[in-house]
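Have a look at this one before I ask anything.
Naming follows writing order (A, B, C and D), and every chain is counted from residue 1.
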Amino acid sequence: MIATPVIIVNFKTYEKGYGAKALSLTKILQKVAEDTKANVAVAVGPTDIKEISHESSLPVFAQHIDAIGYGSHTGYILPEAAKEAGAVGTLINHSEHRLRLADIEECVRRAKEIGLITCVCSNNLGTSKAASLLYPDFVAVEPPELIGGDISVSRAKPELVKGTVDAVKAVSPEVKVLCGAGVKNGEDVRKALELGSEGVLLASGVVKAKDVEQAIRDLVTGMV
Amino acid sequence: MIATPVIIVNFKTYEKGYGAKALSLTKILQKVAEDTKANVAVAVGPTDIKEISHESSLPVFAQHIDAIGYGSHTGYILPEAAKEAGAVGTLINHSEHRLRLADIEECVRRAKEIGLITCVCSNNLGTSKAASLLYPDFVAVEPPELIGGDISVSRAKPELVKGTVDAVKAVSPEVKVLCGAGVKNGEDVRKALELGSEGVLLASGVVKAKDVEQAIRDLVTGMV
Amino acid sequence: MIATPVIIVNFKTYEKGYGAKALSLTKILQKVAEDTKANVAVAVGPTDIKEISHESSLPVFAQHIDAIGYGSHTGYILPEAAKEAGAVGTLINHSEHRLRLADIEECVRRAKEIGLITCVCSNNLGTSKAASLLYPDFVAVEPPELIGGDISVSRAKPELVKGTVDAVKAVSPEVKVLCGAGVKNGEDVRKALELGSEGVLLASGVVKAKDVEQAIRDLVTGMV
Amino acid sequence: MIATPVIIVNFKTYEKGYGAKALSLTKILQKVAEDTKANVAVAVGPTDIKEISHESSLPVFAQHIDAIGYGSHTGYILPEAAKEAGAVGTLINHSEHRLRLADIEECVRRAKEIGLITCVCSNNLGTSKAASLLYPDFVAVEPPELIGGDISVSRAKPELVKGTVDAVKAVSPEVKVLCGAGVKNGEDVRKALELGSEGVLLASGVVKAKDVEQAIRDLVTGMV
């Protein structure tokens, strides 16, 4: 398992998030992680898993795996292939890549079978609880009120995150909750942890930052 | 552009088609291609594009790209990422990964924009003609009568492939047609080319062969 | 709410399951339901909801609703439209129409909002538990071992159904479980109820029966 | 076939577009169609096809059919069911319901087989040409520049519509083109026809109009 609290940085398909630029970005995050002893992981596109896993010491997550096994599947991401390429874990059901319930269940089961850490994303209290009963390692909740706007965890009503953490823990005490929206700075990270989450999943705040090093340095201040 | 006639070997997510085994497989194909001067390309999973492109001299195709650009997309295959990883081309709309018409059009357009060779798969005469009007480099037709059974091109009625070739050429003379089903041996390759196609797309006949080298050696005999 | 135990007959898109033939079929089921006081409901295609609701006294379920509201949606099934047409409930996430987790949650929530009974289908223990945390009225489980073969509930190992019933009840005691596979005759119905389910969801055993009346008469014998 | 020029009004899932309100709306359109001898058709949700077909004299289109036949399909729209319910035609691949190329082809083929008029929607020049090679009765083009904004056909550059009409006619002279975006008033209808289209497909301009009768009366002035 990955140590917590953790910051997972999702590179998405941002212009600075793939290929050689993704590796450079990872190196900056790695430096700050080493300096500060903070747990930082990256979630990268499938074509970059292998290189970044080999060239960096940060844990690498796939952004997605498909609910498939060996066989006649073309253009899908075989869990075993993500693993062999060097991924230690995978996001599942990201808000930009919603899956059918049956496929989430199969992805979690298959990932566990081969030793990938699982982080299922969910969009509200109901789906967070349901997802936690599939027993992934993490559930990353994205309270709708916190997505995409200016509202951040530290300024929003605390029950938004705490309510989900409590509900998930009531159903599946082993499942760790990540805060998947509304995290913009160290203060938000601190608040997210204080509310019971064991880390954050974020993207643009780091990847699109003018000064990536400064952005991640600020975020990790919330973890100590 | 890739030289024709060409054999594109689709590794799918076969047990021998990803990771270290995919590289070994590619090396065997490369050796035969070099020995015989035959044009052979491989279509590999996204996690393997980078390594196989760098470690092999064979042209590498992505098995799929997504109809997206830079931005907030998680777990999808950015065309630019496939290209930077080393792909020279991509399959689009494989029978195991059917796309919406609007996405096929966008994939072809985006792939051309960044210099990826495009091979759109289609399932019958109607969709082959429609696909050819999107002006990909190749249309790979899979006549339903030839999929999955024992019937092969060389033994089937010649009009199955010839009819599609003629229809595509009537609409888009520049588009090259590949035979995407019913090719099991060198005699099938020879017949496919004789009927007007400029190559073949196949998978299990090579990847799942007991003796891969022998399988590909036999196939290329049909190209000379 | 609908009275239980209940037999829900899914008409699918069987040749005898739509239009005028669907109405005739419903009339036969209605007659047997009236004769025997058994609770029988039908799940019909969207184009037939209105007529069958008006011409029959049996409760009518939609086979599916979409996770949408009023607005710019073309060719989808608005929950309000199913309701106004006369549906009293709806299947959600049938094995032939799997939905994304987020959409299942929204379908259940929207259906409740407007007063439709909800029956979420699920494929195994994990997804049944997860689905039950979305608090539908029913979860219809289809133990994979019982689908499509000759094995029926009454002959299979009892723990297949009982395990799911117990797991669902442990998580969501209010949720009723239906047995969604392996029910071929009255003895299977009896066994399914004995194992803790509160009804069955079935299709071909009735709709494709040579003698529909005899088939439903046999099934309802298991309910008394 | 339906007489042209034609105005097809898509009711979508607007609040006023389903159930009893949909029938009232249709009656208003019917009255204006009868008064003016204009060809007006409606595209309604699946639950409303039967009633509106029986209660109104206007031609009724399904908003969508699925690429399926008789069999084990739950919650999908069987083409035969739409037909038996009274639909004379169907939209296919609407911008809010994009389909895979293989499914568009099958929908068109199946619809023709059972005598439904087909109107395939497309989003640009490339997909319009491709769609026209599947030989539907109509291709409804939605030039992206005309969607959703204030720009209308009569004020936009004429080549936007004319270019598509010419391209489609060059490939499939029998296919009629409808203008599927940018039509807000009678002047737009007049312009759309002048540019070579044989009708328009529109939605909110009628269904969400404060005064539906006035809106449709204005639109039909462009047809004479």
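Keep in mind that, in the parts below, a contact is a pair of C-beta atoms (placed from the backbone, for glycine too) under 8 Å apart; a residue touches a chain by one contact, two chains touch by 3 or more.
Since we're looking at a predicted model, the values are computed, not measured.
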Inset, instruction - Could you tell me which chains are in contact with chain B and with chain D alike? - result: none
Legend entry - Per Cα centroids, the chain farthest from chain D: A
Legend entry - Between chain A and chain C, centroid-to-centroid distance (C-alpha), Å: 37
Legend entry - Between chain B and chain C, centroid-to-centroid distance (C-alpha), Å: 43
Inset, instruction - Select the category (line, ring, star, complete, other) that matches the graph of chains linked by touching. - result: ring
Legend entry - Contacting chain pairs - touch in the sense defined above: A-B, A-C, B-D, C-D
Legend entry - Residues of chain C touching chain D in the complex: 10, 12-15, 18-20, 43, 45-51, 62-64, 68-78, 80-82, 84-85, 91, 94-97, 203-204
Legend entry - chain B partner contacts - residues on chain D that touch it in the complex: 93, 98-105, 109, 122-124, 126-127, 129-131, 133-134, 171
